[in-house]
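Got a structure here, written out as structure tokens. Questions coming.
In this document, chain identifiers A, B, C and D correspond to the written order of the chains, with residue numbering beginning at 1 in each.
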Amino acid sequence: MSRFEPVDPNFAARIRDSFARQGAMEHLGACLNRIEPGLVEIELPFRPELTQQHGFFHGGITGAIADTAGGYAAFTLISAEATMLTEEYKITLIAPADGDKLIATGRVLKPGRTLTICEMEVAAVKAGAATVCARGMQTLIRLEGRPDRPAG
Amino acid sequence: MSRFEPVDPNFAARIRDSFARQGAMEHLGACLNRIEPGLVEIELPFRPELTQQHGFFHGGITGAIADTAGGYAAFTLISAEATMLTEEYKITLIAPADGDKLIATGRVLKPGRTLTICEMEVAAVKAGAATVCARGMQTLIRLEGRPDRPAG
Amino acid sequence: MSRFEPVDPNFAARIRDSFARQGAMEHLGACLNRIEPGLVEIELPFRPELTQQHGFFHGGITGAIADTAGGYAAFTLISAEATMLTEEYKITLIAPADGDKLIATGRVLKPGRTLTICEMEVAAVKAGAATVCARGMQTLIRLEGRPDRPAG
Amino acid sequence: MSRFEPVDPNFAARIRDSFARQGAMEHLGACLNRIEPGLVEIELPFRPELTQQHGFFHGGITGAIADTAGGYAAFTLISAEATMLTEEYKITLIAPADGDKLIATGRVLKPGRTLTICEMEVAAVKAGAATVCARGMQTLIRLEGRPDRPAG
């Protein structure tokens, strides 16, 4: 059970809509797994198009899905009339991102009127075994009165 | 003129070779611009495949090319028998990444036997005018005796 | 010449007043050197009370004056009716903080209505020669309508 | 029960000895609470000498004890012939540090031959109730063959 109470009961649908408009996530091949109040999980299957020079997931790609998971975790707690932007994130790569897929989990540490703080964890899953390969922290700013999807 | 003296005069060729093996950089459409002792510049032309939900470059993609620019800046100063891995990076997004292309510049602040510290700056170029959209810092670890391209 | 235009011409006096109310800065023995639009410099003379276990300045103390220098750099650009709080900072210790004094310089990278981004540099000065020992980045949040010194 | 196995069974005594030689910790009035494999807790009672301009604990002081707690957490896992230095840390201040005391807890996320990654949490305790006021991440480098206390 989450300790967070979403403002908009329709938050998961808004996130799926927003995520689908992120060309970058589609280009990487990422998809949304879990969407809960204060928590979002993104899955990224391995492809050679995501690698650094030694054949592991690129650290910048690991960071990109961590940033996105944290951003949408924050997004679960805002109203339909607002959007969230990342202001900064920090990623520490603690093991090679060697796996069949990455699972990035973003969690809200502290939601706020203006700023929301999240933490992220990325696991590399190889033959069913998950190893944490990155940890991160993130600050997001809420833009109130600016819906994520502008009226058409 | 650079204040750094490269150990391997062939550093630029090694970096081009390593970059070409990064599936992720090719998939994003990034290319190497400048390679100088302690400095590497990466260019990333705009494509809808690189965007967040509002049509700007995705912050995670901005971070990915900044990480890569910093990493190869550090790489300019190591021997042919070593490689460099990112240990951590921090990116602050200071303006929307709105442009025809991004230019990420990585600079070595402090090279070291084990750790190298870099800083990164990303500019969004729109109709010829560049705006700094991100700044970052990064720690890299040198793996001596492990050439970036293993003997085949 | 600064590229920043202060809102309140009296900014330096407000900063000196605020700094003087920081019990921590007095306890460490820090003082304000330069105060310019978007830039503040803090000096911290060496004392055994500031050391880590090997007799150098403690990294946490280096970080504390860097945080303060960045915070007041941001403070130079706000109105008399506002205050600034650090939201996050990141410090990289790039050389031992070995010197007769530390000089921490905070610079505004990007001032904003809500958030201001600063960068910091700390130099250790030994027998007149300065060595950069730390670099940092910082996010600050402006609280409008909350003067730094509440009316008595 | 800890998931870490200390190399030196005498780690707690070495940490108490090292901490006692940190002039900065004594000057702030900090003391060691818990020392376990991979975990160290530091307590800092409130004093006006530790405040920022509004009377709360200074964010730089909060960061300093977090850095120290993480550093000694890493220290619990090294041999008597080595020492640990902070390479970088990042602190996010998520609530005002308003309390009778701060409790900083450092935990090892990933110990390594060269680098160790820690995370830190600082709680402000007020009238018995603890509120998390800061979270952080840290990278440390191990110097093997350089005992923390050089032979006299």
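Just so it is clear, a residue touches a chain if its C-beta (ideal position, glycine included) is under 8 Å from a C-beta of that chain, and two chains touch if they have at least 3 such contacts.
Quick caveat, the model's predicted, so the values are computed rather than measured.
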The larger set of C-beta contacts, choosing between A-D and A-B, lies at A-B
Would you mind working out whether chain B and chain D touch using mostly the same residue numbers, over half shared, or mostly different ones? same
As a quick test, compute the distance in whole Å between the mean CA positions of chain A and chain B. 23
Based only on mean CA positions, could you tell me how far chain B sits from chain D in angstrom? 33
Per the C-alpha means, the centres of chain A and chain D lie apart by a whole-Å value of 29
Which residues does chain C have that touch at least 2 chains other than itself? 87-88, 90, 92, 137, 139
Note which residues of chain B are touching chain C in the complex, please. 90, 92, 94-95, 109-110, 117, 119, 132, 135-137, 139
Chain C - residues contacting chain A, complex: 87-88, 90, 114-115, 137, 139, 141
Chain B - residues contacting chain A, complex: 18-19, 21-28, 47-54, 58-61, 63-68, 71, 83, 85-93, 148-149
